[in-house]
Every structure is written in structure tokens, then in C-alpha cells.
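Next come two complexes, and both contain chain A; in the first it sits with chain B, in the second with chain C.
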Partner chain A sequence: MLRKCISPNASIIKFIVLLIVAIVAVILPLLLQNPYYIQIIIMVVVNVMLAMGLVMLLSSGLVTLGCAAFWAVGAYASTILVMKVGLNFWYTLFLSGIIAGVIALGTGVVIVRLSKLAFTFVTIMIGTIVYLVVGRIEFFGGWGGIVGIPKPDPISLPFDVIVNFTARTSCYYLIIFLLLVNILVFYALYNSRIGRAWKAIKLNPQLAETLGINTNRYALAAYIIPAVFAGIAGSFYAHTFNVVEPDSFGFWKSIYIQVYAILGGVNFYILGPVIGSMFLTLLPEIFRVAHEIEPLITGCILLIVVIFLPGGLLSLPQYIHGSTGLEGKQNVFLRILRRKKR
Partner chain B sequence: MVLLEIKHLNKYFGGLLAINDVDIDVQGLEILGLIGPNGAGKTTLFNIVSGISKPSSGEILFKGKSITGLKAYEIAQLGIGRTFQATTLFEDSTVLENVLTGFHMRYKTGTWEAFLHTRSARNEDKTCRFKSMEILDFMGLLPLKDEMARNLPHGYQRILGICLALATNPTLLLLDEPATGMHPEEVSNLITLIKRLRDSGITMIIVEHQMQAVMGLCDRLAVLNFGRKIAQGMPGEIRRDKEVIEAYLGTE
Partner chain C sequence: MTGALFAQLVVNGLATGMIYVLVASGLVLVLGIARVFNFAHGEFYMLGAFTAYFVVTLFKLNIILALILSLVLGAFLGAISYRSIFHYMRGDLLRCAAASIGIGLILKQSIVILWNPTSHSIVSEVFKRVIEIAGVTLSVGKLIVIFLGLLIMSGLYYLLMRTKTGKAMRAISLDSKTASLLGINTVKIYWLTMILGSGLAAVAGGIVAPLFVVSTNMGEGILLTVFMIMVVGGIESLPGTVIAGILIGLLGSFGYHFLTGFSELFMFCFVSIFLIFRPRGVFGSFVKEVY
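Showing the complex of A and B:
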């Protein structure tokens, strides 16, 4: 009933919602004077970019547990290029994306041919290898990491305007811009025949193959494109927080990114990661949960969502309309309710 | 004109010889029935021709060119479509989306144009959508185009499987037991559809167990037993063939 009322004006409502989101995104730093909050929001956006990449790979039916690897590659590549080679940040921002993409290409050519399960395990290994390489080798700063990474270089715009990146606020606008580019690229991909091919591969690889879809090549694309954006996000991260250390790129980071995607809902390719990472990062902050018990809270939230709302937080409206987020799988919650009625 | 030629094909599964020196030729615009008892190697043969599994030895020529050992998507791009014995669809997509996926390799605009949503790419998308609906209309599924594939009745799912293969614009269509689980009325409907497909210019190989359908539909039959071709010819000849009768009824 509700859906019927909305549908004629759906595009107008969509537009208004987008406008409000855009305005909020622009004025948010003015509302939050405290740089600490802005820092948290920057971290949320970085997580959103990483989780969106994970969901892209997932949309072609592959699970990665090593998506922090390419983030780390980007961060370290950018750090080394700026501090040891002396390049300008704005070049390394894109170079680190390319480097991450090339590494993804090199590994991906081999591993997309593996079975789904083997693919997942190899991604864990790649994540671990990157973690160990940057930790063990002194050139990359060792376990202590590299500190004192310079802020992004100032850029001069026409009319003698110079934008400095010493303040958190300008970094915030930069990452929002990067996120916007990321969303636009992903949105264009999902809404073309490329996205349709990914979905076909996910639903039935053999059938996709007999329909003339080169499944390996498309899976490879779904592996490389997120890696490029993860690399760019890594470069941004290194220069915004001025420090890279192996522990922030470890296995747990990959798990957390997974959690953000699942929590938001893996069938919502763009909005899912946004909601998921906002929810999980902001909730502990709002309730000022101690860092020691934060994983406990995260785990509980995840369990509750996976059991009662398997389609993720965003499937809540669908759930209220009577269908579960994941078609065909009966909702545990509904089953429990029915059992009680008897 | 010979469209497909299978020469001295062998396929081993470990020590088991599943296809034993099979020679089959398919003429253009004919309907060739492939029959034989269970386990005779009919589906294995289909899998080899469509590139899902590789032959151990032998050669397959399509339009005079060898397609032996090519990947499944390459063979599909050359114009061989197939359906599966078990209903195989993108079950979580709508009927229309299913057929649209089959159009994938027929897009002429490049990947970059598709990504940038240029005018030509958008127009082509529209054209393919329209063509998908034409196929659905042809096969009588148009009223169900927005339904989830998994919610269709079994008979319609089988027909949607054929629609998917048709979307790839095949010259040769391999139908693996299209009438499985259909009731007589649906079967006769299917026979009319298949005849109309042949009239529109598609050559077909059909694996089928329902003899009535096979005899009424096929121009020629090839009979497999234990991986060996034991007969090939007109339905009338096959019906009288001694070896075929033995294979189906057993020897005394």
C-alpha cells in the first residue's frame, strides 16, 4: 500500500533525499566544530569506499577476506613515493591506485580461475603477505610503521585561491569528493551490461559461460576496479592521518570491512556499505563505548542482524512489507513467531 | 550443407569410456534427435560440443572450422546455444532480465561506452530490451516478464531456458530433454514452438526420452548406447533397426 503511494513520485523523492544528503555532507564540518568528530567521519568514508569494493566483488559471487591488502598497498606506495622519492601527493594519489590495480591484476589473473572457496583463502593469504612484508622489511618502516607523513600538498586554484590541507576540514572535502567519484563509477558499472554480467556469474557461472560471458575476465574486472579505489583510499588515509603502521591493515580490518557490508545489506551495492559502516562506527561513539568491549558490541549487532534480518539493515522496509531481504530463505524471526502461534 | 561434424570423438572419465569413437553429422536446418538409454552419453556429448567439458580425443567441426577444446563462452559466441537437462536459470532475476542477460555478447558497443552510458550504448540497451520482449512474445512468456524466474511453473521455466539460449542468436541449438516433467498439453505446445524455431532458421539437436515427441519432431535420429553410436537415420528406419530395439528392450 505504502509502496503504491510512493511509486509515482519516487524519482522526485529520490532527488530530494539526494539533495538533503548532499547539503548535509557539505555543511557537516561546520556543524561539527570538534576535529575529533570530523576525523571519525573521514574514517567512516574510507571504510565506505573499502566496503563498496568488497560488495562489487561479492556482486560477481566472489568473497574476499583480504581487501585491506590493497588499501595497505596504496597507503605504503604513496608514503614511499612522497617521502623517499619526493613526488607530489597529487600524483601519488593516482599512482597508488594504479600500483594497487597492477598488483591486483597480477594476482587476479591467477586466482579468479580458482574455485570460490580457494579464491577466498588466497585473498586471506595475500592480505597476510602484505601485512608481513610491510612489517618485516625495514624499508617499509617495520612494525612501528612510518610516522610524520606530510599532509597533502596545497593546491592553487584560479583567482589566487590556495587550498591547504593542514586542517581536517579540507581533508574531509577531499575524501567526500573521492567517495563521490567512487560512487559514480560503481553506479555506472552496476547499471550497465557489465553489472548484469556480474550478477549472472554470481547466480549461475556455468549458464553465464554458455551465454557467451567470459566469466574469468569479468571476475577479474570485479577484483581490479575495487583494488584501484582501495589504493586511492589508502593514499588519502596515509597523508591525512600522517602515519602508517602494519597493524591498521591487518586481517581484522578485512573482517571489519566484511562486517560493514553484511550489516548494511549485500544486495544494496552502494547504500549498504554506506549505512553499514556509518552504523557500526558511529554507534560505539554515540554511546561512548570503551574500546575494549567494542568488538563485543560489534559481534552482537552482527549476530542479531544476520539471524533476524539476513538481508541487512536496509532490507528492513522489505521485511516490514512481508518479504525477507534474501529471496527464498525464510526469515528465522518469522519462523519463531509462527512457532509461538501454534 | 553440413553444419556440425563430430569425428571420432572419445571421452574418458578416469577409466570409463563415456563416449566411444562417435561420428555424427548435423545438416543445416534439420532437427536431429539424439536418443539412447540412460547413461548412454547423450548429455556428455552435449557438454563436449558446448565446451563445458573437453574431449579426450577426436574433432568437432562447426561450419567447417574446428571448435575442439575451445572455452564454453567462445563456442557460444560462434553460435552454438544450449539448454540444460536440469532447469538452469538465473532464478533470482526477473524473466525479462534473464533473457536480457542472454543478449550480453550481442552488444556491439564497447565496454567503455557501456560504462560511460553513451547515447549509442543506451539505445542499444533499449533495442536489446525490445528484442528480449520479442523473444518472450514468440515463446508465449511475455505476460510473465516481470515475474521472478523461480516463481514460474516448471513448464514455463523449461521454455524460459530455451528463450535464454535463443537470446544468444544461435545457429545451432542443443536442447537437453526440453520436455522433461511437462504434461502432454505442454509437450504439444513445445513441439509447435520447436517447429517454428526451425522455420525461423535454427538447426537443433534434441535429446529427449518421450518417443512420441521425438518421432513427430525429428528429421533424423542418432542412437547412442554405452557411449557408442549404434544407428543414425530416418525415424522410420531407426524404429525397425535391430540393434536399437535390442538396446532399448534388451536381448533375449
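Showing the complex of A and C:
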């Protein structure tokens, strides 16, 4: 879509847009003095990382509703390793990713063989099992969760600069860095043989198999890679907010992540989750609505977008150009809108 | 374990299992025939329970009337949501899922805002009574639930297997395009299925209301259990769902007695292991590629 808006050969404009986004991302904490806003933006970025994982699995044609599970695994693994084993945060940040990846491998080997619908149901069950395990077993802190998780340890950079992570600002830069790594890895994957194989599997699994693509193995890759990043995001989340509790990793979290992805547009692998997550998290904050009304607004926005913009928010420019890919008799409202436009 | 305790646990398990079967079969119908992945199903169940609660407690009406009213409300909600939303995105499971999440959020939060989210319960004379059969004390309410569940399920069986509408529904679940070619009005059947499924969820909520507590969180809880039951039953097979629902109900009842808090976890792990050995549910086959 972005390509269409900006005309394909205008790579300079694209570069300038990216530069502006980068500059805004860097100076954002200086503009927002209130740490509460920075906290919201950190949460948005964590959601973006999770939603991007969901979209990656979706690009291979599978739907997961248990992405919060690997986030929880990462958060709890990091918490336990730091608080009970006594490891450094910077090791656990990667270890939690590896642990989440190993668990994804163990479960994924079994469940990628199921039919697509059964896969979705089983991911819901995996999410629930993780939620119940961390809630029920006292070792993981029970329903009350674990409080007082230490902040990330300070690191010393060259030129005698020591970065402390006691302030929200440095945590913000850390998560932006992680997001950047995540986006680069995903971008590389989508543009490689693996990404093309996922697209082929989504279009037609049988045909892909005849072309020599091992569908199960590629689906497994699409299941594990997001899990690793979700684990890293979970570790970051636990140490930034200093508390993990089972209720923040429940079924509704997974549902919300799916909503972010769908709202942004599932065909926009990287930009879709970013826009969806930002839109849905920032809109209630901008209007400063009460906590009670927030799900109502979320539901209404979701319904409106799903009915009128099947391709997500990012398909709006395409929609205005009149090529949403919708066939003939779709929606009465849609037809009325179209007529008005002409 | 004494025989009396065993009988009580079996009755409890059957009663819970019946509720699961009612809700799950509604969802299976909606998913298998109308091709709507309905996340608002749990909220329909919750609304059915709230309707029964209000009719009995505030308006002091009969419990039977309450059940009929919750059935009507559920059917009405299903009809409205299908005709105004799902109809325009039929065939696209992901969009249906997203829209139903939106509907669920709106329904649940409007209940939370209108009435405080504390749990309520209906005081019903008939349901709280106990009877003694052959030296075993049993709750009348649970027996009524089992009876009502059997009644509704046999009605559903009659509808699906003995009427022309049921035949059309089965035809559509096999192949909607061919069914449409053979002169079946598919849109009408989709609509009817959605009404039926939502009505089943709501009437299950109405039946639960006098027995357990009525709270705004009940929809979410049962939805997860129902998903588990559908996985065990084979997702699109109605007989499999019935067996799986009763199985999970009994398992929950016995598990809660012996393991208390861990019973849910135990159940989910049991199902996972079951799935490794039988990935296609109780009766196998039936699972079709839908996405």
C-alpha cells in the first residue's frame, strides 16, 4: 500500500519517511516528559512485537490464538532465572527467548500436523495451559504473581558511558532497539526463500508440496521464530514493569493481539501490527475515556474496521482508489459510500 | 470411595457435561454450517444467564418463562448479529472471528456497565431441593439440568435428522456450493443455524443460572472449556462433541473432588496427551480444511 501511495520508483521519499520515523522514535522520550506516556509507548511496542509474530504465522496460513503463552514463558523464565538462579539480565534476555523457542519446538512438532482449524484451537489450549500452570503452581508465584523483579542491570558502553535502566527512557530505547532487530529479521525472512515458501503454502498447500516445499517444516519455522521474539519481549516486559502476574497473560491478551494484527491489516506484515497496535492503544488514551468504556470503544472500532475495511486500516488508500478487492454485492453501506465518492 | 459419593459425582459431572454439550453443540453448528468462528458465543451464554436472573429475581416470574425468554433473546441476538454483520463476511473465517470478538467485547462490557460485575445467584426452591433415591442424596436441580439437556439435545437430533431443514443443514455442512446448486436457500439456512446456535448458548445460560452463580466472567470461562471439548470431539462432529462434553464434565467433576484446584490444569494436560494419540478427535475424520 505504501508503495502504491508513494509511487514505486520514489525510493528517496521512502528513505525520507523512514528517516523522519527514526528521528521521531529517537526524540519521542524528550518530547513526552510524563513517564506515564513513555510507559504506554513501551507497551505499544511490546504489543507490536507480539502482533508481528502472529502475522508471521498468518502469512503461512495458520492462525494462532496463544501468542501470549510464549510471552508469558519468556517473562516467567527471565524472572525465575534472575531472581532464583541469580543470572544477569542480559543473559536471561536471550535465554528466555531460547526457552520460549524450545517450548514452541516441542509443542509445534505435534500441532503443525493438525488441520488448520484444530491448530487454532490447540494454540488456545496451550495459552490456557501456560496461564493455569503459572497461576496454580506456587513456584511461579501463584495468582498473585511475582513482584519486585529487578530492573535491567546497568551496562557500560565505550567512552566511559554507563547506561542505567532505572529510568523509563532507557528502557524505551532498549525496546526500540529490540523492535528494530525484530523488524529487520522479519523483513529479511519475508524477502527470503522462507517467506516466499510461506506465501506459497498460504495460497495452496498441496501445490506448494508438489513444488518441494516441506509444509510442516516451514509452518514449524513460522511458529518458532515469533515465539523466540515473544520470549525476548516477555523478558523485557517483566524487568521493565517489575511485576508478572498470570492475568496479564490470559486468553484476552491473545485475543487483543489478534485484534491489533487484524485492525492494521494482515496483508501488511510489518506495518500492519504497528498501526493496529498504535491505533487501538493510543485512541482510548487520547480521548481519556474511563477504563470501563475502553472495551466498548475497542469493540466498536473493531466492528467498523472489519465491516468496512476488510483489509485493515492500512487498506484505506487502496479503498479510496477503489480497489479493495471486494466483489460485487458486499455491503449496503459500502455501496452507499462508494456511490457518494463518485 | 463410597457408592453414594460416586453417584453424586456422576450426577454432578453429567449436569456440568450437559451444559457444556449445549453450548458446544451450538458453537459446532455455527462453525460447521454457517462458517462463523463465533467468539461471542460465551457472551450469549452469559446474557442468557443474566436474562434468567432478571426475570426470576426482579420480575418474580416463573423459571420456565425465564428459560423461554433467554432462548428468545439469544436467538434474537444471533439473528441480528448474523444478518447485520456475519452475512457480509461469510466464508472469511478470520474476519468473522474478529467481528465476533468485537460483538463479544461490546456485549460483555455493556453488561458490566449496566449492572455491577459482582456475581449473583437465583434463589429457586425447586432447584435447591434434594431427594433421596436408594439411599443416595441427589440435588434436584442437577437432575432437572440433565433432563432438560437431554430434552433439548433430542429435539436437536430430531431437527437435524428427521426434518427437511435439518437435511438442508447437513447438506450445507458437507458442501455448501453443491447444496446451493440443488436449490437450498443457503443464506436462510446460515441464518437459521446462527439463530439456533445462539439460542442454544443462551438457554444453557438460563439453565445454569439457578444452579451456579451468574457473573459477567462466566462466558469467557465456558468458552475455553468449549474449545477444549470441540478439539476432543473433532471440531465439526456433533456426536463427537456430545461424547466429549459429557466426558469432560465427568472428568471435571471427579478431578475437582480429588485434585481440587489442579483439576482444570489436569484436564487441559489430559486433552493435550489425548490429542497426540488421536489428533482428529473422538470419531476421527470430519475435520475439513476451512480457512
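The rule is short, and it goes like this: the second predicted complex is superposed on the first by the 316 of 342 C-alpha atoms of A that agree within 3 Å, B and C clash if a C-alpha of one lies under 4 Å from a C-alpha of the other, contacts with A are read in each partner's own complex, and residues count from 1 in each chain.
The criterion applied here is as follows: contacts are C-beta pairs under 8 Å (C-beta built on N, C-alpha and C of every residue); 3 or more make two chains touch, one makes a residue touch a chain.
A quick note: this is a predicted structure, and the numbers were derived from the prediction, not measured.
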item: Touching partner for A:A197 - first (chain B), second (chain C), both, neither; value: first
item: Of chain B and chain C, the chain that contacts the larger number of chain A residues; value: C
item: Partner chain(s) touched by A:T298 [first = chain B, second = chain C, both, neither]; value: second
item: Touched partner set for A:R113, first chain B, second chain C, both or neither; value: second
item: Touched partner set for A:I213, first chain B, second chain C, both or neither; value: first
item: Which superposed partner A:S11 touches (first chain B, second chain C, both, neither); value: neither
item: Contacts of A:V122 with chain B and chain C, given as first, second, both or neither; value: second
item: Partner chain in contact with A:Q258 - chain B first, chain C second, else both or neither; value: second
item: Contacts of A:N34 with chain B and chain C, given as first, second, both or neither; value: neither
item: Chain B/chain C common contact set on chain A; value: none
item: Contact footprint of chain B on chain A as seen in their complex; value: 188-189, 191-194, 196-197, 199-200, 203-204, 206-215, 327-328
item: Partner chain A, residues of chain C touching it in the complex; value: 31, 39, 85, 88-89, 92, 94-95, 97-99, 101-106, 108-110, 112-113, 220, 223-224, 227-228, 230-231, 235-236, 261-262, 264-265, 268-269, 271-272, 275-276, 279-280, 287-291
item: Chain A-facing residues of chain B, complex; value: 50-52, 71-73, 76-77, 81-82, 84, 88-93, 97, 100-105, 107, 111, 114-117, 121, 125, 148, 150, 164-165, 167-168
item: Chain A residues within the chain C interface of the complex; value: 58, 61, 63, 110, 113-118, 121-122, 124-126, 128-129, 132-133, 136, 251-252, 255, 258-259, 262, 266, 292-293, 295-296, 298-303, 306-307, 310, 330-331
